[in-house]
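Each chain carries a letter (A, B, C and D) given by its place in the written order, and its residues are counted from 1.
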């Protein structure tokens, strides 16, 4: 059973756009990570970590105490070091939950876990997106309406080059005529992974009630469970 | 490897709307089954069968020689007899391919194979649908463009109460704001099952090149393979 | 997050073998349902229900208050009435968890949910079974060792005619040379379904620590979640 | 429909054991690749490639003309260069079929595609393995019996740290008490991937009729299909 103790969530943010671009700073003045932290602070132990900290803030100590890691990155995926990618990868396989947000589809850690290019189509047109719940029985859909409407966002369109999800929770409709698999669940090793599309830096997506509800649900869903031993190697 | 012999395809149609409703007769004067037959006649042995024939045209002899069965029904699902539903069910489990079209989502055979209600949302508004290929590597997507656009159709919306598909090939975008998982692959026993959404009786959907391409691809994909023995019961 | 309230578990047992056969009565003197109840009583509200009660003990009231239903049947599957099968089916699609045990693979409710014959091979030889955890990250494997060994049981062998499981948790090794997918997870509608192979009536399988651990884990896993609305029908 | 033209199969072999170890040379005097080539020569265009050739024999030209690539490696996975791993990876995502044999589970290309460690348990005891067909409707099982028995082989045991397979075709029973998911199907991008366990270098596994049948079936199954465009990037 899910442990009743409070989960520790580490929110990783590239944190470059907010410091470089006034439009982004206007939306997320403290950084996207602080807005995400506000969603979770009440009932989670929250750690924030950013690209320009030593080891990008993701030391072994931090990962050891983390139950679920949120990942937001965009323009500097290649600056995330091999050693940190490898460390996060190992922790996910051992049970660390990972929630990859929006442009994080192109992060090194997500591509490594998926084994595909994670490419997609996009258009920055600020038009409407409606995320439909296609799996209303899924815990990540808890307490949502049948859809979530975001009045202005960037479009992501299919094809999305990822493995067929274990469970598909959301499909997005875009005003411009496209669709996208916006909420995709995976397990790799003992780790639960959720890709969630919303979150462009120039729109206040993470202020939206429905999006906040999904982030909280996804954190609950992605927490590690005890499981059985993962014992490998030579047997007698 | 897929057998090079010509497949035998049986097209089952309820064939009531076309005889009762002038608007439908104007679109499908010979019945939907004949329009579907035209798609396949060149390189398949085609049999047609309709509800009001004895045993609905689906005798054991017909099913024995059929490789792939197409199913179109709408207003008279409940008139399909238990014995024929059971017979088709057993043949599917033994390898018969089944392609369920449009309102066939509510057919007795599809519900029996899925184990769910197969319910959905709908609106008959004659607006545009665009079917996006979300699995461009799938053989049912062979030779398609990135999407198929149908200028006028009935809307089907999520949630669609079916088991998570083995492979999801198409997702539909609707002008009115909805999405739908429009091309869903399943296997049950040795049988391949493909649900394909397009096909409303008052629009000439089956005259559309892209839709015809999908029907042909789906027939190729759904053909039985030899497989290994399905042996059940007590072992020595 | 899983609700902290105590789950209500209804244990359904055919309860015929125990009253008809001294060998079975010696192993399960109060009935298999009472032995299963003992596993869960401490921290669940437990209801028992049996075939020969009115409505087989599965009235609408009972199902309404049930979170998870356990199902054990063997010789009298056909005596379960259509109305009760239909009622349980609807409740599962609306979120009721269902754990199908051993010979319950041939129950009407399991076959209805799977859409296949659920056939398999078997041999009553009282030889050893070892259930391997193939998905150590799954919550149903919580706190298990790498395998569970049952010194004497009936053999079930492949092929097992069920849809490919959403998650496969256990694979059994049998002394006589066979294998079996012994722990299979499905979702249908909002309901979680777990098939668990162990449980023959002439061996004290449900006294085994590992088996008891799995039953408890499966109950935790199968509990309903809130989800989003399942709204179907015509839209404006 | 699968193209009727002859498939081009490239067989990649590490080809070290056979040249270094007399016991292996006794079983595979020309190298494992030549024994595999003998299985396919009659009705495929076969290319062989080995680690110590320039670019490991896997030049862009070779990959461009290859439909399906077989991969056998064991002691020198780390000597496969990053550029060749990357090249094969890209070709798989674009449609190249990949069949990974036995100890190839630890190859760089398989780990990259899976996103997991691909670890397992093993014991070199020369005992019996029986591969059960758990998916008798799968084309890779065409013309097999219910199981394949290998009198002497190395044991591989669960857990096998791979993503849940799209389709599980074989499960192995081992005389020593273990089980293993021995035939696992995946798709990544447009490429079909099949992991097949048998093939230890000190036993004449690839001389076995059933194993040869599986290799041929897997090649047929893994051939590229035309599909739809994989178009990514900015849209108008």
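By definition in this document, contacts are C-beta pairs under 8 Å (C-beta built on N, C-alpha and C of every residue); 3 or more make two chains touch, one makes a residue touch a chain.
Because the structure is predicted, anything quoted here is derived from the model rather than measured.
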| item | value |
| --- | --- |
| Those chains which touch chain C and also touch chain B | A, D |
| Repeated interface matching C-D, over half of the contact pairs identical, chosen among A-B, A-C or B-C | A-B |
| Chain pair with more C-beta contacts, B-D versus A-B | B-D |
| Chain B-chain D separation of Cα centroids, rounded to whole Å | 35 |
| Distance from chain D to chain A - Cα centre to Cα centre, in angstrom | 33 |
| Residues of chain A engaged with two or more neighbouring chains | 133, 136, 146, 157, 159, 164, 166-167, 178, 187, 189, 230-231 |
| Touching residues (chain side chain D, partner chain C) in the complex | 130, 132-136, 146, 157-160, 164, 167-168, 171-174, 177-179, 181 |
| Parts of chain C lying in touch with chain A, wherever the complex brings them together | 1-2, 4, 95, 133, 136-139, 141-146, 166-167, 187, 189-191, 220, 225-231 |
| Chain C - residues contacting chain B, complex | 93, 112-117, 119-123, 155, 157, 159, 161, 163-164, 166, 178, 186-189, 230-236 |
